[in-house]
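One structure coming up, written as structure tokens, with questions to follow.
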Amino acid sequence: MKLGDEPDYPAILAEIQAQVRPYVGQGAVADYIPELAKAPLDRWGLAVATLDGRVYTAGEAEEAFSIQSISKLFSLTLALQLVGPTLWERVGREPSGDPFNSLVQLEHEAGVPRNPFINAGALVVTDVIRSHVPDAAQAVLDLIHRAAGDEAARFDGAVAQSERETGHRNRAVAHFMKSFGRLRNDVDEVLDAYFHHCSISMSCADLARASLFLANRGRSPYTDEQLLPAEWTKYVNALMLTCGTYDAAGDFAFRVGLPTKSGVGGGLLAVMPQGFAACAWSPGLDRVGNSIAGAKALELLAQATGLSIF
Amino acid sequence: MKLGDEPDYPAILAEIQAQVRPYVGQGAVADYIPELAKAPLDRWGLAVATLDGRVYTAGEAEEAFSIQSISKLFSLTLALQLVGPTLWERVGREPSGDPFNSLVQLEHEAGVPRNPFINAGALVVTDVIRSHVPDAAQAVLDLIHRAAGDEAARFDGAVAQSERETGHRNRAVAHFMKSFGRLRNDVDEVLDAYFHHCSISMSCADLARASLFLANRGRSPYTDEQLLPAEWTKYVNALMLTCGTYDAAGDFAFRVGLPTKSGVGGGLLAVMPQGFAACAWSPGLDRVGNSIAGAKALELLAQATGLSIF
Amino acid sequence: MKLGDEPDYPAILAEIQAQVRPYVGQGAVADYIPELAKAPLDRWGLAVATLDGRVYTAGEAEEAFSIQSISKLFSLTLALQLVGPTLWERVGREPSGDPFNSLVQLEHEAGVPRNPFINAGALVVTDVIRSHVPDAAQAVLDLIHRAAGDEAARFDGAVAQSERETGHRNRAVAHFMKSFGRLRNDVDEVLDAYFHHCSISMSCADLARASLFLANRGRSPYTDEQLLPAEWTKYVNALMLTCGTYDAAGDFAFRVGLPTKSGVGGGLLAVMPQGFAACAWSPGLDRVGNSIAGAKALELLAQATGLSIF
Amino acid sequence: MKLGDEPDYPAILAEIQAQVRPYVGQGAVADYIPELAKAPLDRWGLAVATLDGRVYTAGEAEEAFSIQSISKLFSLTLALQLVGPTLWERVGREPSGDPFNSLVQLEHEAGVPRNPFINAGALVVTDVIRSHVPDAAQAVLDLIHRAAGDEAARFDGAVAQSERETGHRNRAVAHFMKSFGRLRNDVDEVLDAYFHHCSISMSCADLARASLFLANRGRSPYTDEQLLPAEWTKYVNALMLTCGTYDAAGDFAFRVGLPTKSGVGGGLLAVMPQGFAACAWSPGLDRVGNSIAGAKALELLAQATGLSIF
């Protein structure tokens, strides 16, 4: 189909709900953070926000979950608002070819992260924000509220605390970059802000709304605020496509054909430029760390709407 | 602009010609193959083929050059024709994060190449073809002829011979994979076929025509042949976007916003799905191995037409 | 010469003093810890302790310096006293082939350090000690006192504090291992104990005395205490030879031909089994982190005495 | 015991024969070269050559086997004879920390091998020889004959041919180095010479005799020829200790305490400077590629004689 013909979303979502069922419950919940291990394996949800602001849903699309790395979309947007393209002097824009928390490439490349979506890169982004605002995590949350036009998103203190106590790999990454002089603020402060914005809790519907500006040349249909220039919005979408799902970016480009960002809470946020923002969620993860049922839902959505950037 | 409004290509190309001039002659020609080092640093060309089959040109768009790795688009297409998606059992679909000829990742991943566009992956693709046809390089050339609807493309024996004599890195890659049991045919035969299809010589206009099926859901407008199913065509485009320009895939997604495949002969082939196939060429390469003036031309083309997949 | 003929140490040391002069002041002092950067570049010393307990000296052999990684000899000895060869279940015994603080190998080998002399391995050793004694650093210092038969060695609080504030690479290494479950105690406690035992300050003469048990099948000639069984003492010497000078272990085996342990404070401790323990010191380091004049002094000592394990 | 008291070798070897039995037949024969896979898993032998030229044996010490990488001792000796220490401009002297045929380190270090005992380093050594003599493999064999004072060693054409047909990893290594300009002769010629000198067939007794000069400051007791200066002989022994058994160099230094060189044919050659040269053999290999029963025999020999360099 061509852009412009509006798909019949209610029918499409009903059909997806039927087909995605067998995948719900597959995989394992993230257990490296104790608090995340409590996520309910049997849930799933899907929400599609279209440019006119309407939101179509299926499953538990109103149930809040931990957005984790999907928050990197908003911290990146905020950092671009604050420092513009000079951000790219501090973090690269290339796929890493390594797991999201690998230190190997970081060592070979003297502490400069490959892109803003691997953990190292997201920590640099948080460090950039921290240099401009006293409470970086709150600033990310504020941006989400402004983008969504509501205040549904909130911090989950238990998740942040759990990650603070057990996030040794992220601590290693942060101190490693500090040893190369790549973080300008106090390591513990940066980690704290990072753990906090990763702990934000939202539903599929909330996330679809808050991300819709990425499908709409940078403007939120809810508040009409231009959150990013159209050109930079394309950059964020391009990064999502090439780097948004870690080691599975190629696989997602194949199966889904849309820029997508994943989080270990089981969320997946996909953008069809000029089309929609869609959020699928289910806590069961595959080996790489992406939601199994969520990925299936997005694949079915792309097939049913015929929408793909390729 | 929206898809559907036809850009004024003659005016756009004239404007690009004016703006790209300062970039022509920058960088260095590939010198690791002696015969390629003879390429004329002061040339450039650009051709845009639109879905109706028309070709718009600027610069030396009719001058033949060595397409090198751009031939991997056609060997991949041919292998998909021959074995379909079972190809993915032998080669991955993920960005590598390493230079195009690195052996590091190959060793860590037991000889299975990351994607069909790094040299290791393209050698496996050639090996797959060789298992089905006696002359793999000729079969790639034949496919190009069928896609373009003419017989302009031809082998350059001197380039093939030069690479055969000096391509020690590719020999290393091939024997390395053979040691893991990843090549089924004789190593020297596979290398020979690979060097030959890389030596194919075509002009920008030829390449734009021969690649137009990738922008047209798999069907060549020139011969009306369905070269690939529409679904698999999307896969090829997705791979071009994530893996087509080596270590600079992220940068191209940013600057150009179109699936692009580069070759060390200075060619760059970009696809706007449902829009056009464009080929830019200029032998001066940047550090990563992509044409400097060619990349600038594609960037200007994307800006002027307003077309981007993001 | 054969073992048994006592070399004329006073004459040999006088000759070394003359020859080593041009090398003193070459290289650079370690500057990654601010407090170490204050070390006096123009000093050097040499002390040789023979099995009868006598100590021969040249240069500033009584001037205290920061022993840094040479302390790993004593923490290893202490850990072997505490847990015996079960230590090797937690740390390897192979050369690393990488710089002393690389995280690459650690990642590939799931957080198990290659040997007890790279920083990661020494942190595990300190963790082992900490599981048995409340103040691990004090226990290392006590062992040094018992081995030397005096109480000359002392902590340098300024150095420990300086490393605590700036040792981000070591923090990264420790958190990285913790993320693999390789440290059993609190990360900050282990780091604190590690920074403290690395900050121990001793002179060449002190170090030669304290290490003499390694040349004497595990028994200190000063106190007659058997600090390690003879068999395990050979293990420590073997580890010094293969892993004691980081990336330069092969070069030291060549040039000096004796098991040697270096520290970034400019100290070098060498052992000739059944012969002597020798300590050379000068703060100017080569690119790898070993003392230039110190290495020269040991090389001359091996040549003049004709003693080598090869 | 002290050097000088001659151990009772006949009694010691009889005891070792009794104790080593349970280890014979453990492990697997090398199977990456088809011809080597034919080695008899149930055999073992041990020979000790003392400085007076006598040879003590146990087991099948007169049965010839493929010496494989032990030949690198002789190619290194020959290259040092030909070009002296300038050899170290072309190959390093440090442990690699990686398997013997890894290409990772080679890529990171621009094609310069870490040491002459990994395959890459041995290929450079063979290349150096080839630049001075027309038949490099024959020259290595001639050196062995001169060192042993007899002509027992011979090429095994079937093994050389088998490796020529299947040695893709070594071909990869050689072409890889050629791509960095690190080999000066034709790649196929160098590989041919390398495969040939690795195919040399000798017994334990032959090898102990031929290597005795390494325990005797460079002089062969059989022919009284000074094959290497005493100083350079120490270098070869130091390299054996730090790099002679691949990833197990640390483990051998621990368990055996003697410079040792292994081969995938199941041979192990150990040197006690001023003491003996000993060769143990049994085709069953451990995971790293060292003979299980052979290593046990050397460990028992070191224990029983009390001889160790540490």
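Letters A, B, C and D name the chains as they come in the text, with residue numbers starting at 1 for each one.
As a working rule, a residue touches a chain if its C-beta (ideal position, glycine included) is under 8 Å from a C-beta of that chain, and two chains touch if they have at least 3 such contacts.
Since this is a predicted model, take the numbers as computed values, not measurements.
Contact with chain C and chain D alike is made by no chain in this entry. The greatest centre-to-centre gap from chain A, using C-alpha centroids, is found for D.
Chain B and chain D have Cα centroids lying 48 Å from one another. Spacing of chain A relative to chain D, judged by their CA centroids, is 56 angstrom. In this assembly, the C-alpha centroid of chain A lies 32 Å from the C-alpha centroid of chain B. Multi-chain contact residues of chain B (touching two or more other chains) are absent.
If you sketch which chains touch which, the chains form one closed loop in which each chain touches exactly two neighbours.
Every pair of chains meeting the contact definition is listed here: A-B, A-C, B-D, C-D.
Every residue of chain D that touches chain C in the complex is listed here, in rising order: 2-3, 92-98, 105, 114-115, 233-235, 237-239, 241-243, 247-251, 253-254, 257, 259, 273, 308-310. Put simply, chain A touches chain C in their complex at residues 102-104, 107-108, 168-169, 171-176, 178-179, 187.
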